[in-house]
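Across the two complexes that follow, chain A remains constant while its partner is chain B and subsequently chain C.
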Partner chain A sequence: MADITKGTKRLSGEAEGSQDSKRVKTNGDKMDAKNPYLAHLEEKPEADFESLLDKLERRNTTAKQAEAVEDSDINPWTGQRHSERYFKILKARRKLPVNKQRQEFLDLYHNNQILVFVGETGSGKTTQIPQYVLYDELPHQTGKLIACTQPRRVAAMSVAQRVADELDVKLGEEVGYSIRFENKTSSKTLLKYMTDGQLLREAMHDRDMSRYSCIILDEAHERTLATDILMALLKQLSERRKDLKIIVMSATLDAQKFQSYFFNAPLLAVPGRTHPVEIFYTPEAERDYVEAAIRTVLQIHACEPEGDILLFLTGEEEIEDACRRISLEVDEMIRESDAGPMSVYPLYGTLPPHQQQRIFEKAPQPFRPGGRPGRKCIVATNIAETSLTIDGIVYVVDPGFSKQKIYNPRTRVESLLVSPISKASAQQRAGRAGRTRPGKCFRLYTEEAFKKELIEQTYPEILRSNLSNTVLELKKLGVEDLVHFDLMDPPAPETMMRALEELNYLACLDDDGELTPLGNLASEFPLDPALAVMLISSPEFYCSNEILSITSLLSVPQIWVRPANARKRADEMKAQFAHPDGDHLTLLNAYHAYKGAEARGEDMKKWCHEHFLSYRHLSSADNVRAQLKKIMETHGIELVSTPFHDKNYYTNIRRALLAGFFMQVAMRESSNSKVYKTVKDEQLVLIHPSTTVTTPYEWVVYNEFVLTTKQYVRTVTNIRPEWLLEIAPVYYDLSTFQKGEIKNALTRVAEKIRRQQAMKASKA
Partner chain B sequence: MSFKLPTKSLQNNGAAIEEEEEDYMTMTFDDDATGSYGGTRKHETSLQRHARLRREAEARARPKSKAELEAEAEAKREAALSRSLLEANPKSKGLAMMAKMGFTGGALGRRSGDNGSEGKEIIPEPLKIEIKDGREGIGLESERKRKLREAAEAAGERAKKARADEGEYRERMRREREEARLEKLVTAAQKVAERMAEEEEDKKMVCDEAKKTTSGHRPLLKTIPVVWRGLVKAREEAERDRKMRYDLEQGLLASRLPTYEDSEEEDDDKTALSKIQTTYVFADDLDEEDPELEEFNALSPDEKLRRVVLYLRENYNYCFWCKYRYPDTEMEGCPGLMEEDHE
Partner chain C sequence: MGLAAAKNKKKIGLDPNNTKWSRNTETFGQRILRAQGWKPGEYLGAKDAPHAEFHTAANAAHIRVVLKEDNLGLGAKRNNGDECTGLDAFQDLLGRLNGKSQETLESERKAREEVKLNLYVMKKLGPMRFVKGGWLVGDQVKATLENESAQENSEDSKEKSPSSESAADASSIGKTEQSNDEEEKGQKKDKKSKKRKAESEPEEESESSREKKKKKKGKREQKDKKRRSDSEGVESESNGVDGSEDRNGSSTIASSVSKDAETGSSSESKKDKKKERKNKKKDKKEKKGKKDKSVSDSGAESGESIPKEKKKTKEKSADAVSSSAPTPTESSVPTPSGSGYSTPVPTGPSRYLARSKFIAQKKMAFTDSTALNQIFMIKS
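What follows is the complex of A and B.
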């Protein structure tokens, strides 16, 4: 009763003053408490801290009750006193738009198993909703956790940190996170942020997700592959586990699709904290969107009042180029027309974190008081669309393109192509201008083009991806009938067919579509099936240590650094590591050099910088290697090496590559050509210019087949055609090949092998 | 012997040519010939095979240009991308597995409620790969296409309209031709009138020398009868323009050169060096307004013609159509004023 009156007062805001004075007192106590000699004082409140939560009835709490607990001096989860910072954050949290609907949320949560929650960016849903659930689920009573998924690793980590701060707990204890190759949770963990892929991996071993009492799928509108699979799994699971609560959170207002998919689940919408954004279109289509974008930025700088600019472009090179040109033009504007200063920052995924942080720096001051405003201009990829929030943006320039992944099973090409964005994306981009005050969005296309050319929603990732990994995961998850698996947007049958076929060739699925022991083992690795199979088979080739290193290096972003202003030197450095037989071996050389330098105790950051290698990605590869090694050890996969001085050291590695990548082989078209033809799909490709291979080998195995404006194979290594027939006889059954040079060449090889065998036999 | 040999070889040649021609025909029209060269090819002589193999080897050996390679790669890609795997690869094990799971050819996903609709489902295709090269903004391509389409439509419309009004078109063309013809006749008649007038003049002033010297100068425009005043005016204007152009060119040329003022220079020298601008004196009535002439010019060509012809008849007893100057005003023998009368 006392609690309730206290709560009412607080809600009406009358108690502000007294609360503050009380807090000051509390803080005084807290300061004393920090003194280790007074540590015994902390013990006192602990005696009754649990009673705070004991008063609450699980899945029947009210917002007032929860707020009362939050307002108390004692942290109900740790028994410690709340810090000064906690109350400061709490004050800010109470102002979030989502806070007004806490009771409404709880009512819906109590009465429904599945709930769709829509909150625009800035509503506070990602940090607050899981905490509201925490105070209602009371996981310490049931031992069941709350999971909140994020599409991106960085988001999972940073949100977990934020929420740990908000709850005044240590990250990794009551609040933790789990991402691929990194788990920061403990037995104390009650609320777990994780990538959607990670939850999917967990579900492989715990099909009922029995560790969780509530699963929150955040950023569901992004429709990542893992989120789509999770939604389908949770939909099934919701029938089996009636006690499991599911919340689907989305930032866009197309929630109807989610509602109807989840048995017409109720919807709760929270308005974001946004200001109106005025949208401008160009009167005519642009001939060069980069040029138009730069022009628009300069025009804003010249004519518009104070406020920062966010320009969306597609990729690293384009962004760096635009940044350079904008800076140059602004310098000229300053000299010639008394313009204000402008700092220009690039922002893209592969930018090192400390450089990404620079976007949060304050805009420069005008040159003199009352002078033309200074501002910052951020030139970003679509990571600035949803995942990163930058305050102070008032102007958005949107050329309407982004790089999007696309996969086509017909040629098995996977590419990042510059494509027009969707209407939903365009709205999201425009919304970025209204975070702090009313803003303007300049779309570099006509209104008609917006209406007619842009698709409504970006295609979900499941329609744009190779599904072999997904199919393997689904098999492991116990989904028998893949054809009728109830996905929100089922992929094309051809994509499924290709995935099944590939897994069959990799011997992960038998002809009936059942998981083989190899497939079962492969699914244990958080890797693509081809990589997993290569790794599992590597002991047969006496080089599992080396293949493990190569696999790790292929699982992280490019380790080679090639800055625009030092390309030549970077290439020279790379050439030092070059192995004549192939890029896989060059990677391995670089890794060995890295480990060698590390063993010598060198300053690794410096060493990497000098050798134009990415310290971040190499150390991350090292971490991945350790994780994969653990999995190998768990499953008894031997770690062996051929002695380095053995003449077969590199040959063994090259052969081992084929054990996983025999479907990714290309033959040179003719003796004087640079063009290669991929096996079976018969696509004409060039070797990517980043290669260190200089000899035009007849046969190569490649890691990726990508399409930019040309078709390239990237990361290639020389192989011998005999190995293909020996290592992958099923795939290289020549009767399945279509007529042509590749078949002819392989037939000749097969005959040669037969002759040699016959000779051997006759000798014996 | 020496006589026969050439004939024989000639005959042989003839036979060879005949044979070649025959084979050429069969090669072109025989379907087998277009099949794979690994297959049996009827009627291929060793020479031809040799030539073909050499041609093929050459084609293989010749390094392809970048553009050719790109086109080839793109063609291969497009060919592969446009063919459904379900059709291209019906024996695929992947497809067999799917069939075991109950795939019958429709879309994947949850079984739709009733079986009736399932058969009609469209099979979703993989997303299309569209490569964007260049930095064209959104909508530019379609804007261009739209403009092309609009242009094509407009052209089509014009053509349609033209077809619909074909009769009218013919009529207009005929009328235009007729008008052009009449204008020519007007000019011709005007020339006749002018000549007649000059002849009259000459006759009158045959002995007056003083007047004859000035006869080079035409009289004031306004004194010329309106029926051919236009002719004179047009001629004078053309002449003046020509002269002005000439002066301009000369002047420009002169002014571009450095000039040297020499007081000793003779007038003739100056003229030769075009230092003295030759000015041509025209009757400055050329630019004067002439409502009478304007009125005449505004008439339709047949009316203009009628008036000139009438003028000739009345003043000189000349029939433009008979091309004859009758001795008296009766003009006996002339069928009449109009052209039709003379047909």
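What follows is the complex of A and C.
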């Protein structure tokens, strides 16, 4: 019975979809399929089962009514019987702290357009609040969905799965998710989890967000770039669309900022399920925080009762090193004494997912019954601060540092540097210890340092990023007045200027600051503007296939694997792919080799492992490539290649790189120096040691300018100065250059070109 | 970073902050922003925004960070470990010029010397550990314990292994031994039941200075004691006060560098090694206690500065564990305590280490049935 209903629904949906298809160009090849973006325009067929929901009045339900519906044997959303598992889950759900305040929540929700909700981790807000809204909004009556944004893709996927289980429906039907490059929703979807970036992209095409009747911004305290922009957009939109409800959910208690930003919206706070955490400081500052951290962990292992340890460090290398040392010391401890076993797990963003999963393994058993308990120790970056919940952690060791991305608009360097955390972040870290029982947090700094050296709040991403992509998005979203755009944390004016300037040079903005057709097209790509422009102009250089590959390789993490114990072999393997002219071409070679091996039907995981390449990143680059290709096809960008045996094959690619990266060029300072000077900004840089380029070329184009221990440019390729003048004449207008070697060199080049042209002309 | 520090050459460009760009008012970005009504020095964002009170400097200019090239902990100064000779005298001079009284100067000087001495001993000899043994009242030993927190009690009860108890007895009772036997037993029981312990009051002992002392866990005493005992082994002090003190503290001398021991109790021992320090909060104390406890071979890592030393103690706890099989104990407790082991061997690379390793391996083998089978060549 239910199947038939589905069938008819889909049929009617298709008919509708095809009518609308002309209006929506973006959907390209999906024209004949159902257009999920327009689901709300369809007429919903009447459900053929009697649902208890029909008795409820939209936006006027009570917690009691909703609970009665939840308790019934029949699933109100599908008409099927509830499974046993459903009731088991339901029982657990009723125990969540947030459940006690369901009525209070509904009252506030009914009476206000915007609501700020604070619930500590473990309160159940991410899974429950959207369901409370679901039972109140009754989206199947209006056809308007409920959206809940998450900063991370993994969270969006896993939470959607969980909520589908809780509602006893299939993921992708009533409950779905939508993340970049993956959309698991259908015409039946009522509740949609999505990344904040995804909602932002939808907003570009539907500025009123007319599909949604309620938008929930979860984890707003993380203040990602996309969440910040969404908040500003929703704030504007709330004036235009009075029927749109907005809930801002945060996990930290400093919600006043959110409240005052959203017209003094009312606040609802739900306590988390947390236990007290005892805080310890060191009496004196530490000379070496890594050393101190390792000792603290060992001491905890030796002296403290059962309970797992979470240690925060800053980066992959540091973490792996610490893990190794802790394991060694613990082994020694076990050999020498009656210490319990301890398993040590690293945890950082670039770790493959299956290894990330290992942190959820149980702590090891004692060596013999009644022996000292085993425990696990997780050494993590700050991703364990908010994003992940690991139960069983009782001890937290916090050295007070994390790696943070910082952008300097003056020198245009984006750096990932170790810097002190904020007080808020320190409290979050400590809070991790109290999830299952009272815990302890050992801070490897003095209380005075905590008070004096730490800033109050971590800077939101918008203050730490290059905004050129954001500005392009804002323009596309129809924001005209960038100066008075009401962001919660407006960025530094210089950052904004730099972004505008870059977009202007890339010809994405015209001289009046308006979006150009090129800019419009570039905003369709989920890429940095420079990459997007490079991709769009690549057909002019007859190498769009290759540039497409390079672009996808540049938008995933490093594909090169260089394990500490096999550095030399890894470098040798990399050298096999090396192209003498540059790292971009080396990347391309590796990718071609990868595709070649794949075509031969080799075991790709093994192949990648043998060649010290990251299978995960290569395959995700492959995926990105496919997605970008689709976008290119949709917009009629040709996919062409120069024949491989043509002598201009690589030259064309190198020239095409400049079409997007002409602002990222450096010239060698003097003939026997390793130091390069960036064009215009005149910063002294070195080529990053990871390069495969061995010849000291005069001019290079680089992909990124990073500050680690020194200023480095990474991923460089040799170019010729003539190309600069030819491809980016506006930027390389010599009158705008400061006196110096670069200007002299370019002037000489310009002279030469002129002479050659004169010669040609005279010959002709 | 003295003259001897490693040189770190760095070439810096003419305009590392690119002020040329930021001063240029002709850039496209600046033109657009001005055209939209922005003036230099203003924030971006809505006019008169209610949330503007939350704006910080980061909203006005890009965030500046310091490039961190070392593992220096938060709040640590780079030259923290360096010592400059003669500065002490200079400080005294400055103090006099600032009108400090001779007495305060004297006490400061003393405190400094204590620290020095303590450090020296720590480096040279390594720390000693003691176990609580109760208070000597008149000629009876009583359970100590003022109203210290329940934690301490719990620790005691948890940690004290029988062996440590006896060690405590042996070490601290001294001449009063016999008379106290019974009492002692009672005390053990007490230790096991937290409540009773908590109740038992400090008794007459608690003259004010004494109390303070106790709170400090009698570290000084111990230190003093430890030194002596270094040569003599565990010894019972003839001085009843000291003995009881020890008992209370049951600690190591260790990182005595702690709090405000300066208090009045100079009468007891001159070895006031503690650095003067402001009164710290309770939790701080606890932390310290924890560190203290984990004492051990700071000797191994000599030449470290004070803070390091402290940390060291932590590691040591691990080391100590390995060298002297028994584990130290609960840490978070305010007591410096005692894990129950008397005198850990001053670790060093020595032959003890190899030997203890050997013994440990043997022990392991004996608990492992397959290994035993192999040893006795039994085929299972």
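The rule is simple: the second predicted complex is superposed on the first by the 714 of 764 C-alpha atoms of A that agree within 3 Å, B and C clash if a C-alpha of one lies under 4 Å from a C-alpha of the other, contacts with A are read in each partner's own complex, and residues count from 1 in each chain.
Convention: contacts are C-beta pairs under 8 Å (C-beta built on N, C-alpha and C of every residue); 3 or more make two chains touch, one makes a residue touch a chain.
Keep in mind that this is a model prediction, so the values were computed, not measured.
Placing chain B and chain C on a common chain A by superposition gives a clash between them. Look at A:239: by the touch rule set out above, it reaches neither chain B nor chain C. In the superposition on chain A, A:672 contacts chain B only, with no contact to chain C.
Of the two partner chains, chain B is the only one that A:739 touches; chain C does not reach it.
With both complexes placed on chain A, chain A has more residues touched by C than by the other of chain B and chain C.
Of the two partner chains placed by superposition, A:391 touches none, neither chain B nor chain C.
Using the contact criterion defined above for the overlaid structures, shared-chain residue A:292 touches chain B and also reaches chain C. In the superposition on chain A, contact of A:257 is made with chain C only, not with chain B. After superposition on chain A, the chain C segment that clashes with chain B is 9-17; the remaining candidates among 9-17, 261-269 or 351-359 show no clashing C-alpha atoms. Common to the chain B and chain C contact sets on chain A are residues 282, 284-292, 399-401, 406-411, 415, 417-420, 444-446, 448-449, 452-454, 459, 463-464, 481-487, 490-501, 504, 511, 513, 675, 681-684, 707, 709-710. Residues 282, 284-292, 399-401, 406-411, 413, 415, 417-420, 444-446, 448-449, 452-454, 459, 463-464, 480-487, 490-502, 504, 509, 511-513, 670, 672-673, 675, 681-685, 707, 709-711, 739 of chain A touch chain B in their complex.
The touching residues of chain B, counted against chain A in their complex, run 36, 38, 60-61, 63-64, 69-70, 72-73, 76-77, 80-81, 83-86, 88-89, 92-98, 100-103, 105, 107-111, 123-127, 129-140, 142-143.
By the touch rule above, chain C contacts chain A in their complex via residues 10-22, 27-30, 32-33, 35-38, 40, 42-47, 49-51, 53-55, 58-63, 65-69, 71-77, 80-81, 257-258, 280-281, 283-284, 286-288, 290-291, 293-294, 304-308, 310-312, 314-315, 317-318, 321-323, 325-332, 339, 356-357, 360-361, 364, 367.
Here chain A touches chain C in the complex through residues 257, 260-261, 264, 278-292, 294-296, 298-305, 329, 332-333, 335-339, 368, 372, 399-401, 404, 406-411, 415, 417-420, 440, 442, 444-449, 452-454, 459, 463-464, 481-501, 504-505, 511, 513, 675, 677, 680-684, 707, 709-710, 738, going by the rule given at the top.
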